[in-house]
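Structures are listed in the sections that come next.
Below, chain A partners chain B and then partners chain C, in two separate complexes.
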Partner chain A sequence: MIDFNLIPLLPEIFLSLIGMGLLIVGVSEGNRSTRVICWAAAAGFAIAALILLGVGWETRSVLNGMFVMDKFAGFMKLLILIGLIASVALSVRYLVQEGMERFEFPILIIFAGIGMMIMVSANNLLALYMGLELQALSLYVLAAFQRNSVRSSEAGIKYFVLGALSSGMLLFGMSLIYGFTGSIDFGVIGRTLGELNAIPFGVTFGLVFMLAGLAFKISAVPFHMWTPDVYQGAPTAVTALFAIVPKVAAFALLMRLLFEPFMALSDQWLQIIYFLSLMSMVVGAFAAIAQDNIKRLLAYSSIGNMGYALIGIVAGTASGAGAVVLYLMIYMVMTAGVFAVVLSMRRQGLAVYKISDLSGLSKTAPTLAYAMAILMFSMSGIPPAAGFFGKLLVFNAAVTEGYYILATLGILTSVVAAYYYLRVIKVMFFDEPIDEFDKDMPFARRAVLLISILFVLGFVIKPSVFIENSLSAAASLFTG
Partner chain B sequence: MVDFPLLSLMTFLPVAGILIILAIRGDQEVVDQNTKHMALYTSLFTLAFALFMYTRFDGSSAEFQFVEHSSWLKPLGINYHMGVDGISVFFVLLAAFLTPICILSSWDVIKTRVKEFMIAFLALETFMIGTFVALDTVLFYVFFEGVLIPMFLIIGVWGGPRRVYSAYKFFLYTLLGSVLMLIGLLTLYAQTGSTDIPTLMDNPVARDLQMWLWLAFFASFAVKMPMWPVHTWLPDAHVEAPTAGSVILAGVLLKMGGYGFLRFSLPMLPEASAYFADMVYVLSIIAIIYTSLIALVQEDMKKLIAYSSVAHMGFVTLGIFTATTQGIEGGIFQMISHGLISGALFLSVGVVYDRLHTREIERYGGIVKNMPKYATVFMILMLGSVGLPGTSGFVGEFLILLGAFQVNTVVAAFAATGAILGAAYMLILYRRVIFGPRTNDDALSMPDLNQREIGLLVPIVLLVLWLGIFPGTVMEKISPSVDKLIGEYNEKLEVAAAQGETEEEGPER
Partner chain C sequence: MIIQALAFYLFAGILTLSSLMVITARNPVHSVLFLILTFFNSAGLFILLGAEFVGMIMVIVYVGAVAVLFLFVVMMLDISFADLRKGAMQYVPIGLFIGAVLLTELVLVYGAWQFAPDVGLNLAAPAMRFEDATNAESLGQVLYTDYVLAFQLAGLILFVAMVGAIVLTLRKRPSVRKQSVAEQQRRKAEDVLEMHKITPGTGI
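After this line comes the complex of A and B, so read on.
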C-alpha cells in the first residue's frame, strides 16, 4: 500500500498555501498592504501552531520515510512558530520606521519558517537539504533587505557566500555518507552504521563535513565569523529573527542527525561537538567584552549560548538533549525580549546601536531599563531568572556524564560573560543619562517584551511544566 | 510548631511588599513616602513572623523544624524543601532584624530613586532569609546567588565615587566562587542522586571526591566570608556601598559563608574538612593578624571596620574548623554578635558621614563634647568589637579561643595575639574620632544623635549587652544542633577511619 498520509504535514501545507496566497495579495495590492500581510502572516503562524497541536505528536513517518513526526518535532516546531510570531510582531513598526515597508518581508519569513519546520521533521538527507536551503535562501534575502544600506547588502552577500560554502560542505558530506551507506534514509543509515564492525574512513569524513556545514548554521566557533557582521549589518528586525528562530531549527536538525542516524558514531562526533562547544563558549565570552555595538555584543552572546547548548549534546543522553531543548526555549524567549528593547533604541527617528547610547536609561525610560536589566541577569545565568535553569540543566547533564572539565570551563566562561552583560546594566543604571529615546513603543513590541519578562521571572515558580515537556520531547529522539 | 507554611510566608512576604510598591502611583514625593512606609511595614511584619517563629522554635531539638516540602523541579527530583534548626534560626532572625533597621537608616539619606532602593532591599531580604531556610541545594543556590542582583544595584546605583568598580568586583568575585560551588553541587547530585540537604548530610561520599567538592565549596564560601587572600572585594564594597548596604553586607551577607561551612562542608564532607582544617587555621590566622595590621593604618573609617570584619571572620572560620563544641558554638555566636556590632558600627559611621560627608578619620576629633550620646553608643560598640567581657563580642571570641586551644595551642596563641591587635585599632579609632585634638570646627558643630538614629542604634546596643550578659539565651537553642553536628561529624570520621584500616589490611594492598 502506498503511504500517502499527509496529516502530519498539514501545518507546512497550510503555511505554504498562506504564503502563496499572501504573495498574490501582495503583488496585486503593492507595498501598502505590507502591514496587513505582516499580521496575516502572524495569524497564519498562529493557526499553523493550532493545526500542529491538532495533528497529534505520536511518532510516525510519511512520504516514504522522508518526513517524520514525533514529539520532538512537534515541540520544536511549536517553538519555531512562536518565535516566528514574535519576530513578525517585532518587525511591523520597524519596517515603517526604516522605510522598507515591502510586502516580500513577511512572505519571506513564512517561507523561511516552512524551511525550518521541514528541517525539524526531515528524516532523510534530501529532505534535510531541501528544508535547510529553503530556509537559508529566504534568510539571505532578508539579510540584504535594506537595499539602500551598504551594510545590509554586505551582510546579505557575506551570509550568502559563507552560507553557500557551508551548504556545499554539507552536500559533500552527505554524498560521502550516501556513498558509504547506500542510503539517504536516516533509519537505514543508522542501521547500516550500527551493524558495521569498523567505521569506514569515508563515513567519518562525511560526518566531519556535515558537522562543519551545520556548525556554520548554528554559528559555533570556528564557523562563527559571519555572525557578528551579519547581525550588525542586517536590519535589526531581521537580526532579531536570526537570533530568535533559525538556531532552534538548526539545533533540532543537528540533534536528530546525531542522535538517530549517527548515534553509532557518537565516539567520533563527540570530540567534534566537545571542541565546538568549548571554543564557542570561550570565544563568545571573551570576544564580546570588546564590543561597543549592542548587535555585535548579542552576536557574540549568541555564539556563547550555542556553546552552552552544545554541552547538552555532548552529554549524549536523553536528559542532555532535554536540557538543550529547554535551553533553546529559554534563550529564544530572552532574546525576543532583548531585541524588543534594542528595536526601541531610536533617537529622533534614527536607530542607534552603541551600548553607550543606553546611558542612564534607568532615568529616562525606567521600565525599559528594568526589563533589559532582568533579561541581562537572566542571560548571565543568575538565579532566580529563567536563564539560570537552562544552564543548570545542561551543566547537570554534563556533570552526570562525567564531563567535569567541560562543565567547569563552561561555567567559568559564564563568569566572563556575566561581565559584559553587567556592562549593559552598568551603562543603563550607573552612568549619567543622555538624550531620551523616542517614546514610540508599539503595542506588539510591548507585548513581546512583557511576555518575555513574565516568562523569565515566572519560570522559577513552576519550572517543572517546561522541564517535563522538554525532557519528554527529547526522549522521543531516543526511543526509535 | 505551626500548621501553616511559616517559613515560606516569612521568606516571600517581602516579595508581596515589592508587588504592592510597584503598584503605587502618583506624585514623586507621595510615592517615595508611601514606598518607604510600605517597605518598613513589610520588613516589620517579616520580623514579626521571624519572632513568632523564634517563640515556637523548640530549642531542645536538633531536628529541622517548620519543615515544608513540595515538588519543584519535579523531573529532576529537586524539591522545594525548607526548614530551620538551631544553626540557622539566629541567622534568619538577624536578617529579619537588620532589614527594617537598614530601611529606617536610609529614610532621609536616600533621596534618589527611593522606590528602587526599597525594592532592592526587600528583594535582598527574601534572598537572605531564603538562603538560611533552604534545605535543598539547588534552592539554596538560587537564594544564595540571587543576593548578588540587589546588592550589585545597591552598591552601583547609590554608592560612592568608585561604586562601579566596587560593584563589579563584588559581583564577579562572588559569582566566580559560586559557580564553582554549583559544579560541586551538581557533582554531589550526580553521585548521590539527591539535592536534599538532610539526605546529603547522612550520606557522605567517597574520600577523593570529598576533597574536590570541599575545594569547590570552599571557593564559594571563602569568598563570601571573606577569608584571606580573597577578601579584597570587601573593603572596596564596604567603602563604596551606602550605609544600609554596608550594614547588610557586614551583618548578614558575610554570614552566608560561615553558614555554608556549617551546613555543607562539615556535615557533608567531614573527611575533607578534617584534612583541610590545618589550611583553614593558617588562612584564618593570617586573616586575623594581617588584616588587623592593615586596619591599624587605615585612614577611612569604613575601610577600617571592613578590615576588622575580615579579622573577625577569621575567628569564625577558625572556630568552625576546630570541630569542637566550643569552637563551633563560638563561631555561630561570633557571627551573630559581629552581625549586630559591625552593622551598628557602620550605622554609626553613617551617622557622622551624613553630617560631614567624609569618612576620613583625620576630619573628626574631639566630638565627645558635642555628641555625648553618640560617643556612648560608639564606645559600647567599639568595646563589643574588641571583645570586652559583658558584650557579645567577648563570648564568641572566648569560646573560639577555647576551642582552638583544645585542638592546637600554637594556633590559639596566634589567634589570641590577633585579639590584642583588634583592641589596638579599635581603641585608636575611638581615640582619634571621639577624643583627639579639637581641630576641625565643622566636626565640632555636628548635632548629637537625633531620635531616629537613637531608635536605630539603641536596640542593637541593648542586644549586644544582653547577649554579652546572658549568652545562654542563644546558646541553649544552638547547642542541640551543634552537638548533633559534631557527634555525626566524629562518627563519620571514625567510620571512614575504620574503612581505611580494613582497606589497608586487604589483600590487594
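After this line comes the complex of A and C, so read on.
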C-alpha cells in the first residue's frame, strides 16, 4: 500500500486512545468519576479539534483511498467536535440530577464522535458503513441509557430496530452499486458512472436504496417516524446530543456521496431529494402545531429543518452546498441553546416537558425567557437573527437554479412553522405565571446558552466570515 | 460440472426449505435447529463458489456461536411463542403486499442486470494477484494492508458493542443476598447473640 499515512487520521486516533484510556479510569474509579471523565472527554474533543486544525486540510486520500481529508471534511469535523463539546457540557449536571451518573456515558459519546468523523471522511463504501455503524451503535445504547425508564428503553429499542432496517437497505443499495461498478471506491464509482450513456435499472435501484437508508439517518420524511418517539423517550441530555450532532455528520456523508460518486446520476437523485425536502418541510411544519411536549416539538422542528437544508442539495451547485453547510452550523448552535433551556425546565427536582410549563416564564425567570425568545425568533427565521441568514442562503441557492416552487413552499412552511415557535414565546410572555423553575443552572449550561445567544445575535455583524468559510469548504467537494 | 450443478441444487433446495421451516415451525427449538441446517447449507454454497474460508467461518461462527446462543436463549427465557404469534395474523396482508413489491423490484433489477462496460478493471484485488494462494492467505494479504482502516473500525465497533452490553445489563441488586466470606469470618457470637435466663412460666 503506497498511501499509508496516518497524519490525516490523527484526530480520530487521538480520540480513540482517549476513549479507551478514560474507560480504564472509569473502571478503576467507578461511577463517582463520571464528572471528571465527562470534562476529560470534553477536553479531549477540544484537543482533537486543535489537532484537526494542525493536520492540514489540503485534499488527499490515504489508506488505500479509504479515508479522504479535504477542506469540507475538516470544516464538518470541526463543527462535529464543537457540537460534541456542547452536548457533553450540557449533560454533566443532568446526569447527576437524573441519577444516571455512569462513566460509560461520555465514553460512548467519544466513540459516537469517532464514527461521525469517519463518516465525514469516508471515501469508500466500506469506510462509510463502518463509520455509520460505529456512530449508530453508540447512539442506540445512549438512547436506552436511562434503564429504569420504560420510555427510554422503548426509545432505544425502536431506534435500534429501525436503524438496523435502514442499515439493511443501505447495504442492499451498496451491493447493487458494487455489483454494477465492481468497486467500492468513490473515485472509481464516480468515473464508471460518468462514462455511461444510459443509466441501467440496477444502479438506480441501488441509489434509491442507499438514499432511503441515509434519509432515515437524517430523519427526512417519509423516514422520520422514529424521530418524535426517540426524542421524547431518550433522556433529555441524549436528545440534545441527537439533535445537535449526528445530523451534521449524516448530511456531510450524504453530500459527499451525492456530489462525488453519484454526480453523474444527479437527474435520478434530484427527484428523490426534491421529494424528501418537500415532504419534510410540510410534515415538520404541520405536525409540530399539535404538539404540547417540547421535546416532540423540537423533533418535528428538526425534521422541518432537515427539509430546508435539503433544498440546498437540490440546487446542486457549490453555492447550494455551501448554504447547506452554513444552515447546519446555525441550526446546530441554535439547538444547543434551546436544549440548554429545556434542560433547565425542572420543578422541585423533577424535569417537566410540557409547553404549558413555560407559562409566565418572563415573570419568574426573565433571563431564561428572553434567551428562549431570541432562540425561537432565530429558529423561525426572523431577521436579524442568524436563523434568517441560513434560510436566506438556502432559498437563494434554489431560486438561482430555478427551483421556484420548492423555494416558495419553503417560505410558506417556514411561516407555518413560525406559528409554533411564536406560540412558545406567547406562552412565556403572556400567560399567567405558574410555579417557578428550580434556580440552579450550572455554569456549563449558562456558558452554552450564552455562546449560542451571542452567535445568533452577533452573526449579523460579520456574516461574511461564516458564509465565506462554508462556501469554500463546500467548494472543495466540487473541485475533485 | 454436473456434480457441481447437482450439489448446488441440493444445497439451495435444502436451504430454502429449511429457512421456510425456521419461520413456520411451532416449536422454537425446532426453529433454531432448522436455522443451523440453513447455515450449514449456505456454508456448502460458499464452498461451491470457491470461498472455502467464508464457508468455514460460517460454520464456526454462525453454527458454533450464534445458533447455540439462540438455543440457550430460547430454552432459558420463559417466553410463550404462541402468545407472541397471536397478533401476527393481522399483519399478513400488508406483509404479503410489501413482499410482493420487493419481489417485483428484485425481478426487475436482476432480470435486466448488466455490468459496467469494463468492470473487470475496477475490481480492487484482481484474482490473478493471488493466483496460487489459498483463501485464508489472500485474505491475510489484504486485511491488514489495504483494508486496515475497516479492520480497525470493526474492532472499535465490537468494543462499543461490549461496552454497550455491559451498560445496559449490568446492575447492582441490593436486594440479592450474596455470600461474603470476610463478613462471615468477622462476625462474633457476642455481637449477634443475646443470652437470656428465663425462669419457666414468666416469659421475657
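Here is the rule we use: the second predicted complex is superposed on the first by the 479 of 480 C-alpha atoms of A that agree within 3 Å, B and C clash if a C-alpha of one lies under 4 Å from a C-alpha of the other, contacts with A are read in each partner's own complex, and residues count from 1 in each chain.
Heads up, the rule we're going with is that contacts are C-beta pairs under 8 Å (C-beta built on N, C-alpha and C of every residue); 3 or more make two chains touch, one makes a residue touch a chain.
Just so it is clear, the structure is predicted and the values come from calculations on it, not from any experiment.
Once the two complexes are overlaid on the shared chain, A:I467 sits against chain B while remaining clear of chain C.
Contact with chain B, but none with chain C, is seen for A:F388 once the two complexes are overlaid on the shared chain. Of the two partner chains placed around the shared chain by superposition, chain C is the only one that A:L196 touches, whereas chain B remains out of contact. One of chain B and chain C touches more residues of chain A, and that partner is C. In the superposition on chain A, A:I24 contacts neither chain B nor chain C.
Once chain A of one complex is fitted onto chain A of the other, the partner contacts of A:N396 are limited to chain B, with no touch recorded for chain C. When the two structures are aligned on the shared chain, A:L412 is found in touch with chain B, with no touch to chain C. When the shared chain is aligned, chain B comes close enough to touch A:F429, but chain C does not. Judged by the touch definition given at the top, the superposed model places A:V150 against neither chain B nor chain C. Of the two partner chains placed by the overlay, only chain C lies in contact with A:Y140; chain B stays clear of it. In the superposition on chain A, none of the residues of chain A is touched both by chain B in one structure and by chain C in the other.
By the touch criterion given at the top, residues 362, 377, 382-384, 388-389, 392-393, 395-396, 399-400, 404, 407-408, 411-412, 414-415, 418-419, 422, 425-426, 429-430, 460, 463-464, 467-468, 471 of chain A touch chain B in their complex.
Contact residues on chain C toward chain A in their complex (touch as defined above): 105, 108-110, 112-117, 119-124, 145-150, 153-154, 156-157, 159-161, 163-164, 166-168, 171.
Put simply, chain B touches chain A in their complex at residues 71-76, 113, 116, 138, 141-143, 145-146, 148-149, 152-153, 156-157, 163-164, 167-168, 171-172, 175-176, 179-180, 182-183, 186-187, 189-190.
Every residue of chain A that touches chain C in the complex is listed here, in rising order: 1, 9, 16, 20, 23, 63-64, 66-67, 102, 104, 107-108, 111, 114, 118, 126-127, 130-131, 133-134, 137-138, 140-141, 144-145, 147, 156, 176, 179-185, 188, 192, 195-196, 200-202, 205.
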